[in-house]
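Before I ask anything, let me first share the structure, which is written out below as structure tokens.
Chain lettering (A, B and C) follows the sequence in which the chains are written, and residue indices restart at 1 in each chain.
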Amino acid sequence: MAWWRIRHPLFLFDYTTVKYVVTQNRKVGLLYRIFQLTVMAYLIGWVFIEKKQYQAKDDTVESSVLTKFKGVASVNTTDFKIWGPEDYVYPKQGEDFLFIITNFIETPNQELGNCSEKSSIPDANCTKDEDCIKEEAVRAGNGIKTGLCLKTAGGSDGICEIKGWCPTEKHGKPDKATVLRQAENFTLYIRNFIRFSKFNFSKSNVKLNNSDDYLYLKSCLYDQIVHPYCPIFRLGDIVNKTGRNFQESAIMGGSFGIMIDWSCDLDKEDSHCNPHYSFISLGSNTTGFNFRIAEYSNDAEGKKQRTLYKVFGIHLQIIVFGTARKFNIINTIINIASVLTLMTAGSFLCDIILLYMMKKSTFYRDSKFERIAKNDKESPAKKMPEGPKRKFSL
Amino acid sequence: MAWWRIRHPLFLFDYTTVKYVVTQNRKVGLLYRIFQLTVMAYLIGWVFIEKKQYQAKDDTVESSVLTKFKGVASVNTTDFKIWGPEDYVYPKQGEDFLFIITNFIETPNQELGNCSEKSSIPDANCTKDEDCIKEEAVRAGNGIKTGLCLKTAGGSDGICEIKGWCPTEKHGKPDKATVLRQAENFTLYIRNFIRFSKFNFSKSNVKLNNSDDYLYLKSCLYDQIVHPYCPIFRLGDIVNKTGRNFQESAIMGGSFGIMIDWSCDLDKEDSHCNPHYSFISLGSNTTGFNFRIAEYSNDAEGKKQRTLYKVFGIHLQIIVFGTARKFNIINTIINIASVLTLMTAGSFLCDIILLYMMKKSTFYRDSKFERIAKNDKESPAKKMPEGPKRKFSL
Amino acid sequence: MAWWRIRHPLFLFDYTTVKYVVTQNRKVGLLYRIFQLTVMAYLIGWVFIEKKQYQAKDDTVESSVLTKFKGVASVNTTDFKIWGPEDYVYPKQGEDFLFIITNFIETPNQELGNCSEKSSIPDANCTKDEDCIKEEAVRAGNGIKTGLCLKTAGGSDGICEIKGWCPTEKHGKPDKATVLRQAENFTLYIRNFIRFSKFNFSKSNVKLNNSDDYLYLKSCLYDQIVHPYCPIFRLGDIVNKTGRNFQESAIMGGSFGIMIDWSCDLDKEDSHCNPHYSFISLGSNTTGFNFRIAEYSNDAEGKKQRTLYKVFGIHLQIIVFGTARKFNIINTIINIASVLTLMTAGSFLCDIILLYMMKKSTFYRDSKFERIAKNDKESPAKKMPEGPKRKFSL
């Protein structure tokens, strides 16, 4: 390569260029041309057009998500109720993590006292009092062991007595009857603001430039084909789009993701940079999701009591990701350069063939490699016509 | 290029070097030198000094944010109150998502019963009972339809009756009178711990090495110039710095981002790696932010009742991002190599000029390209003085 | 380099190859071979085997985290209680941000009224009434100034009177006596679903294919050696693994990170892509963590009162990060190419030595550089046997 050649100042501006040997070997020549074309096609077709490697990319998107649920459902708790978002959504403030109660097991009027632990908890099983260490909490249980082992009538093994909220939570799986039927029609509004700090580019998924936009938001409902950019989603649709059945998921609960993908080519104008919504199930069919809430109150005599709800429901996680791309000179050069370097591999290959697989190989080798005998003094002169008054240069 | 040349073992240590033709063409020589300098300047100036491409970078920062609000405000609800952080901040536990109540619409003493839905809700409008399907929830509404259409006196169209919390929420926009005046002076303390796992580097935005640091934290308030590293922010300042007016935003609410940018050159020492705070509005001027909270209680006769608050306020999102850079040999080589390859493009250009645009081009071409005639036998010999006993090599 | 040579169509398939000069200088030859081997070793050993630069990587992992705490503790508040997750975990819904109450300062029976501000608050200190501006909130305080400065008996300076919840919160540090002793044995279950969108690869840290998996989950407890993939963690272990003492941290609270690292080589099969759990302290030993909760109620005469809890506890942040790698042709080429280019630097070095540091340098220079005198007409002919009827080519 020519880039590093230095000369002593006098000949700084002599131009030095590589010497080539031209062979009229059509076979190798053709082969080499084909190779050149292949590499060029790869560079232009794949690297540039397909993979857009001439662009720099930022795949760390800064994101802010606001969410809001709407809709009401009738709930048959001990005191029959109507639930709005203020009741069935956790947390209330509308983050990117959402839990919508769709079912529950209610255990009313628990009071502090002693009773037997749930039999389903391994740590609470016992055969004698010694198995229930006093003051020790039951692992994954509901109370502190009192030291007694409550035997079942005539049975040899029993369950530890605990100090805690009694009676303990009801057994068994959640009941289809308590499901919030109307939950399927709840609507979720998502406001997502994103920023690619590397390119100092920001955008929101909600367009609110004029009153028409407001009207649109009041009425629209997300649909992949008809309303791909409407940020309002029906809960039932979200679940069903993941291939799960809503009414089933509503019983035991489930975990689902709303993915917002921002793939933006910033060499085009902003209007081409839009969110793409997709939906996935964040767990196997078998896994539900639940947690517990307690409502405390005082009974007639002012004794503290509580109602415990084990709530099952839909966990929604709004997952925002994306990539912004913009032309970048460094990336362009790196990719061109590396592909060009590839070419040398080609000439290497062709040389091998030329110098070892052709019947005139010997002759070609002599031409390509000019040997200098160790003690040969004149040979260089032979090829340097200007004789003695010649000048040297590197 | 020289890197791949192989020989048969005997001559493994012969040194083979490219042969050059030296022309004394000053024009092309000068041109080439200029090109060389340009490329060098680009490599050193832009790629290395400006873009620091010799460093590997990690732009996925792991972050943990803790926040804490301080300050109280007087609130004129039905029972006049003083609100502290335990009342006006959601969620309580201090995440990177914060909502500070600055205004509200209170609807006291709601009880379960039947009443007419809010007239502003499209789905609730009706002209006859048939329009109000029994047991159906009003979309984006407050209750379950009872099947009755309540006509306005003498009017032809009316509003569906619903079963829900009655009376329904008060109409209209939030009132300036209810705004928490003192909210502007609330202070937010942010503790941000970050980690660049790729370089196994961690740092916090809060420095607590000695008692002085504690005293500083007790008294300081963030200011871009005076206290750029003080992690305590005045709510009013945050909003105003985004170009919005706090007192206006306080009425309808708004969404704002506190961006913490960590740009760390890990080739320098840690003390150079500091957070840079900036503030942006995460929505247009017109969009507010609100959600609803219900406070349940029992009235004199023990009948369940609730007070519904539609709360408006400032949503703060703490957005942490950053890039860590550190010297990396692979990146360095890739960048140098690609730029060097560029040079070849230069010699290509110069050759074109030399071989086709100079008046002595023909002569230069003959010198650069040594042609071998198809059936020429002696020619190689001519240039190989050691005659027959010559050795071959690739 | 050979890649850019063009000819006029007639000789499109002539093969042109670089001309070399072969010197029998063993020293330089050996030197060059050594250099070649070094570079090759670097390319294969470091770049490919060690750094796997032939793979493209995605280091922005999309993640969804669900958490659930289990365990109970006895708490000695004014009305002695048993606390379950529904009481001591914030927020309830199980996000990646968790706060577990381990201690608290209780201030019971606060009522709205006038009293003196806490003396520890700088802004509340005063010497005369004028220091306490009426209607102004105390910065970082508990109420609104009434305009009075309450002097301590005989003292010259005093504390502003405030309107707020009185009496104000108890002074001082949290007490070891109130710590939730059983907290150390609370267990945390983490469900983490991750996705590398670039490679469209998803996985969960919880395996639930068959009933055995369920049984395993019911009984296992994370242990680096025995159960590295069990997603259930003992709170005490988490804290202790970070090098902090749990019982100490429980008093003032602390902030800890559970880091889940997904490093996946997608060229291998999925079973090799597993989470790696590690634990760090997100703050210095001295910093605790706390926030306040208020429980409102009505006293006998129906006057609103509240119990204020300043809760201290363990903040857990689940931090998910990772990198997925997969073979990519572009990366491979870029890295090979750049290293090959390196070789030229080697031949440069060797040429310098050969042409300037050998005693026969002059002779080598003449061989490598074929000078063309400005006005020399015959010289090219000398080396072009086919004389006049020669053809030109570039």
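Here is the rule we use: a contact is a pair of C-beta atoms (placed from the backbone, for glycine too) under 8 Å apart; a residue touches a chain by one contact, two chains touch by 3 or more.
Chain by chain, the UniProt names read as follows: A, B, C = P2X purinoceptor.
Model, not experiment: these values are computed from the prediction.
Engineer: So that we know how the chains sit together, what is the shape of their touch graph: line, ring, star, complete or other?
Structural biologist: Contact map by chain: complete.
Engineer: Look at both sides of the subunit A and subunit B contact and report whether the same residue positions are involved, with over half shared, or different ones.
Structural biologist: Looking at both copies, the contact residues mostly diverge.
Engineer: How far is the middle of subunit A from the middle of subunit B, if each middle is the mean of its Cα atoms, in Å?
Structural biologist: Those two chain centres are 15 Å apart.
Engineer: Which positions in subunit A touch two or more other chains at once?
Structural biologist: Where subunit A meets two or more other chains at a single residue, that happens at 1, 16, 18-24, 60, 91, 95, 334, 337-338, 340-341, 344, 351, 367, 369-371, 373, 379, 383, 393.
Engineer: Across the complex, what residues on subunit B touch subunit A?
Structural biologist: So the residues of subunit B touching subunit A come out as 1, 4, 16, 18-26, 28-30, 32-33, 36, 39, 46-47, 51, 53, 59-60, 90-91, 95, 97, 99, 112, 122, 137-144, 163-165, 255, 257, 259, 261, 280, 282-284, 286-287, 289, 291-294, 298, 304, 308, 315, 317, 319, 321, 334-335, 337-344, 346-347, 350-351, 354, 367-374, 377, 379-381, 383-386, 390-394.
Engineer: Which bits of subunit B are touching subunit C when the two form their complex?
Structural biologist: 1-5, 11-24, 58, 60, 62-64, 66, 68, 70-74, 79-82, 84-87, 91-96, 182, 185, 187, 191, 193, 195, 197-198, 202, 204, 206, 208, 218-219, 330, 333-334, 336-338, 340-341, 344-345, 348, 351-352, 355-356, 362-367, 369-371, 373, 376, 378-379, 382-383, 393
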